[in-house]
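Labels run A, B, C and D following the written order; every chain starts at residue 1.
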Amino acid sequence: MKPLVWQARVYFEDTDSGNVVYYANYLKFLERARTEWLRSLGFQQNALMKDHGMMFAVVSVRADYLKPARLDDLLFISCEPQLQRASLHFKQQIRRGSEDGELLLDAEIRVACLDANSFKPRRLPAQMIQETA
Amino acid sequence: MKPLVWQARVYFEDTDSGNVVYYANYLKFLERARTEWLRSLGFQQNALMKDHGMMFAVVSVRADYLKPARLDDLLFISCEPQLQRASLHFKQQIRRGSEDGELLLDAEIRVACLDANSFKPRRLPAQMIQETA
Amino acid sequence: MKPLVWQARVYFEDTDSGNVVYYANYLKFLERARTEWLRSLGFQQNALMKDHGMMFAVVSVRADYLKPARLDDLLFISCEPQLQRASLHFKQQIRRGSEDGELLLDAEIRVACLDANSFKPRRLPAQMIQETA
Amino acid sequence: MKPLVWQARVYFEDTDSGNVVYYANYLKFLERARTEWLRSLGFQQNALMKDHGMMFAVVSVRADYLKPARLDDLLFISCEPQLQRASLHFKQQIRRGSEDGELLLDAEIRVACLDANSFKPRRLPAQMIQETA
């Protein structure tokens, strides 16, 4: 699958008094890219929850912080998904200034597909598997 | 009613690269104090939603930022409630270092009591009115 | 001056377990629009701090919460500035779905122009006054 | 070294519309515990930056999300540090309700000690090594 690349600007809300982006906030940028990848396939998470009783939950995060992002930086967040039966595995990177810019963060995120009521694992929607085959 | 005073430490998560607490994050401190005031009366918001189908929604905020809070500050957040039929009106202040410390923020927050499904206004629980009378 | 309108998508990071956008997080959206208004005039806040020793600090917030924003909403955030000698006064609104969409939040934000070291009030840059005259 | 255990209450600010704590926000809880461990040794990060030109930067995060935390939960966050020459390695866990409560999150965080100006690696303060030996 072709990775999606999403852009995000760094605002004051993202930074901390170390004058860099706060370490937890990179995970917000990563999720925006994953959400936009889902949206590009026609899936909105609010609708998935309401209409299909389905939700995604992060199971594990591995993130290496290579260089800090700073106020006013324009970030390029890539999202390369691998689909499994009941989960999604994303390779993600954040770069500064362009798609080939300086690598700031390298991450792997595992996301489980769950029943929104029982919180039990559930198969990915067939349509998602087809559209990404 | 006697105001409740709650404490909060300023961590990196609260600050921004201006080296002060980010302006939106003071509202988090204010809500912690309001939530602890509710808890001191025996109300937990999760239970209010699940068991009573009731929730609180902020209707308006007025906040004056007088002095900045900084990393490692210990904040004292006061919460002086006035109960009305279907709403709560809070006078709140944030001070540094002690209950009588330097005044950093002065605010008024209006909160409506809503039905969690219809989002329509709803009377405050009778028990809340009694315990605060 | 013509108001700027900025867009923002609502992600999980913005919401809370009341199933709406968390009340403090609307202030993040408001600041993104103010920052983009500054950027549209050629000012970046990181550079203002480093090169001109100048920063902006929010002095007061008045916000009326009219309707809740929800996950996946596309928000339109307007920013109508009035310049004064050493401060900026912004009228801001957040609407859902389009520039004329449902009004969710109406706010007024006062921002002071400060010396980044002394934190004392400072005149707005002459160039800012000219470009907005 | 004896691990430190720190408590944190889950407020609306921490949750998302999936009705659980937002995945990035667990990292805030982890940092509070690390910061309080430093404080228990007599180190405040604001002072470390100003007086010693020293700062800590997260280098890597590995986190396994086992069970979700929810609004009003009381969390117990442990922090077991291993000191190296120019870095700190923390084993951290988050449990619900008590120090032996249900395990929600298991994490390893690597933190580098940096010169606050050059951002180059720097030895840990001798006093920190002595107090934790």
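Please note the rule applied: a residue touches a chain if its C-beta (ideal position, glycine included) is under 8 Å from a C-beta of that chain, and two chains touch if they have at least 3 such contacts.
Keep in mind that what you see is a predicted model, and the values were worked out from it rather than measured.
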| item | value |
| --- | --- |
| Reference chain C; chain at largest CA-centroid distance | D |
| A-B or B-C, whichever has more C-beta pairs in contact | B-C |
| Same-site or different-site touching of chain B by its copy chain D, using the half cut | same |
| Whole-Å gap separating chain B and chain D, where each centre is the average of the chain's CA atoms | 26 |
| Where chain A and chain B are represented by their mean Cα positions, the distance between them in whole Å | 32 |
| Averaged-CA centre spacing for the pair chain C and chain B, given as whole angstrom | 23 |
| Residues of chain C touching at least two other chains | 12-13, 17-18, 20, 24, 28, 31, 46, 70-71 |
| Complex interface listing, chain C residues touching chain A | 9, 11-13, 28, 31-32, 35, 44-47, 70-72 |
| Residues of chain D defined as touching chain A within the complex | 17-18, 20, 23-25, 27-28, 31, 46, 49, 55, 57-65, 68, 119 |
| Residue ranges of chain C in contact with chain D within the complex | 12-13, 15-20, 22, 24, 70-71 |
